[in-house]
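Here's the structure, in C-alpha cells; my notes come after.
The first chain written gets the first letter, and so on, giving A, B, C and D; residue counts start at 1 in each chain.
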Amino acid sequence: MQRIGVFVCWCGTNIAATVDIDTVVEAMKREPGVVHSSDYQYMCSEAGQSRIRNAIKEHNLTGIVVCACSPRMHETTFRKAAKAAGLNEFMVEIANIREHCAWIHKDRTEATEKAVVLARTAVAKLNLNKPLTPGTSDVVKRALVIGGGIAGIQSALDIAEAGYQVDIVEKEPTIGGKMAQLDKTFPTLDCAACILTPKMVEAAQHDNINLITYSEVDSVSGFVGNFTVKIRKKARSVKADICSGCGICTEKCPSKKAKSEFNMGLNNRSAIYIPFAQAIPNVPVIDRDQCIKFKTGKCGLCAKVCPADAIDFSQQDEIIEQKYGAVVLATGFKPIKLDNFDEYSYAASQDVITSLELERIMNAAGPTGGKLLRPSDKKHPHTMVFVQCVGSRDTTGCGKTYCSKICCMYTAKHAMLIREKYPDIDVHVFYIDVRTPGKNFDEFYRRAAEDYGVNYIKGMVGKVAPTNGKLMVQGSDLIADRQVIIEADMVVLATAIEPDQTAKSLATMLTASIDTNNFFTEAHPKLRPVESPTAGVFLSGVCQGPKDIPETVAQASAAAVKVVGLLSKDKLVSNPCVAGSNELLCNGCSNCQHVCPYGAIDYVEKEFRINGKIKIRRVAQVNEAVCQGCGACTVVCPSGAMDLKGFTNQQIMAEVDAICR
Amino acid sequence: MQTNNRPVKEIAQEIFAENQAERILGWKRGEFFYDNSPAVFSAADELQEFVYDAFCGSNLSKFLVKEAAKEGRIAVLLKPCDRYSFNQLVKEHRIDKENVLPIEIDCDGMVDIDKVRALGIKGIKSISADGDQLTIETVYGQKNCSKEDVLLLKCQTCKDRTGGDRFALVREIEEMSSVERYEFWRSELSKCIRCNACRNVCPACTCEKCVFDNDKSGIANKANSDSFEESLYHMIRAFHVAGRCTDCGECSRVCPQGIPLHLINRKVIKDLNEFYGEYQAGADDSSVGPLTSYELDDVEPDIVMNRGGGR
Amino acid sequence: MTFDYYPGCTLKTKAKELDIHARSAAEALGIKLEELTDWQCCGAVYPMAKDEIATRLSSVRALAASRDNGRDLLTLCSACHHVIKRVNNDMQTDEEIRTKVNNYMSPETEYHGETKVVHYLEMLRDTIGFDTIRQRAVKPLTGKKIGAYYGCLLLRPNKVMAFDNPENPTVLEDFIRALGAEPVIYPYRNECCGGYISLENNELSAKKCDQITVSALENKADMLITACPLCMYNLDANTNSEHKTKLPIVYFTELLAQVLDI
Amino acid sequence: MLQKQQLQAETIRRISGVNTRKCMKCGKCTATCPAHSEMDISPHRFVSMVENNEIDALMSSDSLWKCLSCFACVERCPRGVEPANLIEAVRVTAVRMQNRNRLLPENIPSLLNNKLPQQALVSAFRKYSK
C-alpha cells in the first residue's frame, strides 16, 4: 500500500481565487492511500518545496501528488524536491488545477469540484506507480544542418566554432540560398553578396564543416543524440575532387537554352553550369534534362575541353550514411506561384515581375548587369508600381493567410534604391498596411517616402491590363476614396513566401511537426522558439516562420547554441517511461511494429514452457534505448501485451475510474 | 457439393491417398444434419464422417491457429470467404503457413435452418440443394423453396458473388439521429448474455489471453453497473478487430441472441474505406492495414466533424 | 450522349442564332439535346439575398426535372448558366434554402442539388473534346484572329462556377484554336460589359464596351465571340460603327456551325 | 433611429451572408469595380458602413443602383468578404419598402427597342423592383 502525500498549491490567487483549497485538501484526506494532505501559497517556492521534503520524511511517504500548475512548468521542480527527500522522482504526480481548472472556469463550485476530481485521479494513478530508473544513452558528437542558406551557414559556423563536426546538406549545387540572390539588404543597404560570400567561404574552409551540396536527405532513423541519416548525393556528372572550377566547360557547352534558376529565369544558362560566380563549391553540374549528351548520346564537348578530365557522364546518385547527435532544419522558403493571381497579369506580361526577380535585375551580377530595364523591350522604365501583399493575408485559399513579414521592408528598399539611382522614375507603392517593426525599420520606410519621394498609396490593385506596351494598373486610393489608373512600365509584385517543399517530407522523416502552412512548429512559441517538439531537432530561419536576415541569423545562432548544449553532453538521460511487451500475452501480430515511428520494436522467436510443454512463439521486444514512450504500440496492441511504464493500461484505467466515480 | 466438378470428399480422400498432409481440417455432421461442425481428420477411414453440404457455414481458418501449431502438416478446406480470414491470420503470424496445405473449395451459399423454419416449414428431415432450389423432406411430405431466400446472412452479401449492398443497413443506421441510434443499439445489445461465442468464433480474436479474461487489464469480469455496460464489450471488440476484420460474418451467425454484431464491424469497415480508400482485410497475406500504416495524405481528424459525425 | 437542354428565354427570341446553331452543331457532333419540357425563365439574375426563395424556384424546377430524367442539365446562355449553377450550389450547400425550397415545392423526391449543370462549352471541351472538333472542321477559320469575350457571369465566382481560371481563362481560346483560328488574348476579356445597367445608364455600358472593343482591336482581333445575349446586345449597341465593321461580334455557336459547315 | 439602422444592418448582414468583420480594408473591391466611376459610395465603404450600421446613407445612395453584379469584387477579395452580396442586400432592403420600386411596368415601353433582349428586362426588373 502506498503512503501518499497531497500538496495543494494556491499559486497566490491564481488557483485560490477560483478553487476552494480547503475543500480539495479535505477531500484528498479521504482518498485511498493518502496519509497526508496540506496546502501552501506557493508550493514551487523554496519554502513550499521544503514543506514537501519534510512531509515525505515525517510521514514516510512513498509518493506525492502536487495539485498545482501544468507539469510542463514545474514537474521537474517537484521531482527534484522529492528526490532530495529520498523518493524516486517518478513517484510524483501533478494534478493541473491551474490551467485545467482555475484559469478556464468562472464558477467557484464547479472549479472546486473539478479540482477534486483531478486530484483524485492523480492519487488513483499514483497508487499504481512504481519507482522507475532512467537509463542513459550516448551522444554522437556531430551535427547535421539541412539547408545551406544563410540560416544553415550561420548555425553550422557556430556549431563548428564550438568544436563539433557539422555536415551541411544542400539540395542545390551551391550553398548560399536565397540571400545569395539578393542585391542589397535592408535597412543598411549593404550588398548581400559582400556580407554573405565571406561566410560561405568560411563555411567551406572550416575544418569542422563538411559541405554536402547537390544532395538531399533520403531517410532518418534513430533519436536524440543518435540519429542515422541517409543522404542522397545526386550525380553531378563532374568529379568534384579533381575539377579545378576553370569554367571552360560551361563556356563551350552548346546547349544554352535552360532558364537560369539563380537569375529567376530572366536569362539562360548552359546545360553544364555553375549557378553563379561565387558558388561554393565552385564545381559545375550537368543538368541531364538539358544536356545533349544525355538526350541524344552525341556531343560530350565538355569532356573534351576539360583540362582536368573531371567530366563523368556515368556518375550515379550515391547514398551516404552518417550518424548525428543533433539535426538543424534550415530549409528556408520560396515565393509562392502566382497562378491564382492572374488579375496582376504576371503570366501575361514580362514586365510584371516578382520582387525576387527585381533583385536579380538590380544586381550588378544579374542578367542586365544591374541596369534597371524592362524585361520585354530592355528599355528604361519611367513609371513603376509596386503591389504589396500579393498572396499574403489571403483567407480565400488562393494565397497564404499569414503576413510574409519581409515584403514591406524590401519594397521600401527597392523603391528607395530605384529613386536613388534613377530619380526620373516615378515609383508608386500600393499597400494595405505598412508593417515595419524592427530596429531602424520604420525610419527606413519613412525615408523612402519622405526623402526619396516614393508615392505610397493606401489601397490595393484590382487589375493590371497590358495595353499598348504599357501596364494599366487599376487600383484604389482609399485615403482619397477613389479609383486610380496608373500607366506603368513595370509592375513589381511583393509575392508571399512559403516554406520550401522539402519541409513536409523532412517533417515526416524526423517526426517534427509542421503547421497548416507547412512551417515547422517550435516546442514553445515563446520559451523554446528554436527547438522542434522532437528532441534533438532544431529550427533555424524561415522554415519556422517568415523572418528577415537579422532575425534569421539570430535564430540560427540560437539553434546552434542548443545543438552545442546537446553535443557537449557525454550521456543523455533517457526517459524511463518506455514501452515493454508482456511476452506471455503477446500474440506476435506485428501491429506494434507497424505503427512504431522510431523502429524500436523487433520480433523474436522464443521458447516458452506452457503447461509443461515447450512452445516456440513469436513475440515483440522493445529496444528501450530507441523507444520514445509515445504509446502508439500500446494503443494498437489488441491483447494489451504492450504497456508503457509510468502510464500503464492499469494506471490509465484507474484514472478513468477515478474520474467516473 | 463439388469443387472443380469433383466432390469435396474426393479431394479429401486424395490428400490422404497421396500423402499430401497428415491431417485434414474439414466438417463432420453434428447432432442434426444442419449443424455440421469443424473437425480434424487424421486418417482416411475417419473421412466416413466427412461432410460438405449447404450447412458448412463455419469458418475453419481460426481453428488453424491451434491445429497448425501441432506436429504434422495439415490440409484445410477453405471456402472463398474463409480464405480472407486465412490470409489475415497468416499476415498476423498466427498460422504457420509452412505447415498448412490450403485447399480452395467452391461454395454457392450456405443455408440458415432458422430461415427455412421461418417459412413455416416444420418437421424437417433433410434438405438437399439442387442449383437455386432446395428440396426439403419433412414429416409432412416434400417441400420446395428458393435457396436465395434462406441463405445465411453472410452469404446474402457474399464478397465473391454478386451479392447485395453490404453497407445498406449501415447507412440506414447512420441516417438515424444520435438518440435513435443509441436506442437501436441499446435494445439490440441488451439481449447479450455474454456467452463469448462471438469472440470465440472470431478469426480476428486470437489473442493468447483476451483482455476480457485478463485480471490485470482492469476490465475483466467487471460487474455491470447497468444493463448497457455489456455493450462496451462489443464496442471494445469492434475496435480491437478494426482494420483486421474481414467481414466473415461469423459473429452474427453464432450469436444465440441474434444480435446483428456484424453491423458494428461493417460500420468500421465502411469508415475505413471512406477515410483510407477501399481495403479488404485478408485480400492478401502481407500488406499493412490502413490503421497500422501511415501515408502523408491520410485523413485528418477533423474529417469526423466535416462528415457530420456530431449529428 | 444525351443532355437535358435548358435554352432560356432570350434564346427563343432575340438570340435565336445562339440557340439554333448550338442545336445543329451538337447534333452534327453526335450529342443529343433534349429540351426540357415546360421550362421557365431562370430569372436572369442570381438572387444573392439568402432569404429570396421564390426567385430560386424556377431554377430548381429545371434542376429537379433534369434529376428525374437522370441526365446532366446543359445550358448555353451565360446568365442562365450562372443562375442555375449557383442555385444548384445553394441547394447542395445551404441547408436553410434547401429546406425552404423543398417545403415550398413539396416534390415527390426532395431536391438536394443532385443534378450536374454543364455549360455548352464544357460539353465541347470535356465530352466531345476540342481535338474532335478540330478533326471535324470542314471550313477551318485559318488565319482568322478571334477574341474571346467571356464577360463576367460565365466564370465568376470561381468557387461555384468551377469552370475555368476566372482571371486567365482558356476554354474559349482553345475553342477558337479548334476552329483553326488564332485566339487573341486581350486584358479586358473578362471585364463586365455593363449588363442590365444599359437600360438606365447606357453611358456606363458604352464606356465599358468601348474599353473591351478597343482593347480587342489593339491586340489585332478581327472578330469577337461571346456566349451571352446581353453581352452581345451591349457590345453591338455601344460599339461605334467604325469599330463594328472592323470587329464583328458573333455567338460562338454561329462560328462552330460555320466551321462544321452545317 | 439608431436602433432602426442597427436592425436593418443586422438583416443586411444576415441575408447577404457577409461577415463584414472579415474585411481588412485593403480596398481591392474598390480597385476592381467596373462601375466605380458612377458610385458615390465605394464598395469598400459599403462594407465599413454596414459594419457601422450607417444604413440610411446607404439606402439613399446612388451606388445602390450602379453595381453591375459582375462579381469582380467577390472573385478578387482576398478575405472572401463578397461586397457585391452586401450591396445587393442593401438594395433588396430598399426595394422591399413601400413605393421604392425603381423600375415600374409603365416605364418599360419607353425603354424598349427592337434589339433589346428579354434578359435585360428581366434582369432589370429583378434588380430594381420587388
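In this text, a contact is a pair of C-beta atoms (placed from the backbone, for glycine too) under 8 Å apart; a residue touches a chain by one contact, two chains touch by 3 or more.
Since we're looking at a predicted model, the values are computed, not measured.
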item	value
Pair of chains whose C-beta contact count is the highest in the structure	C-D
Geometric centre: closest chain by C-alpha means	A
Subunit A-subunit D separation of Cα centroids, rounded to whole Å	46
Where subunit B and subunit D are represented by their mean Cα positions, the distance between them in whole Å	64
Between subunit B and subunit C, centroid-to-centroid distance (C-alpha), Å	56
Multi-partner residues of subunit A (at least 2 other chains)	343, 463
For subunit C, residues that touch 2 or more chains besides their own	167, 191
Multi-partner residues of subunit D (each touching 2 or more other chains)	37, 72
Graph class of chain-chain contacts, one of line, ring, star, complete, other	other
Interchain pairs in contact, sorted by label	A-B, A-C, A-D, C-D
Subunit B partner contacts - residues on subunit A that touch it in the complex	504-505, 508, 584-591, 594-595, 603, 615, 617-618, 636, 638-641, 649-650, 653-654, 657
Subunit A-touching residues of subunit B, taken from the complex the two chains share	69, 92-94, 206-211, 214, 216-219, 240-241, 288-289, 291-294, 296
Subunit A-touching residues of subunit C, taken from the complex the two chains share	165, 167-168, 185, 187-188, 191, 215, 218
Complex contacts: residues of subunit C adjacent to subunit D	8-10, 13-15, 41, 43-52, 55, 77, 79, 152-153, 156-158, 166-167, 191-192, 194-201, 204, 207-208, 229-230, 232-233, 236-237
For the subunit A and subunit C complex, residues of the former touching the latter	339, 341-343, 345, 347-348, 463-468, 472
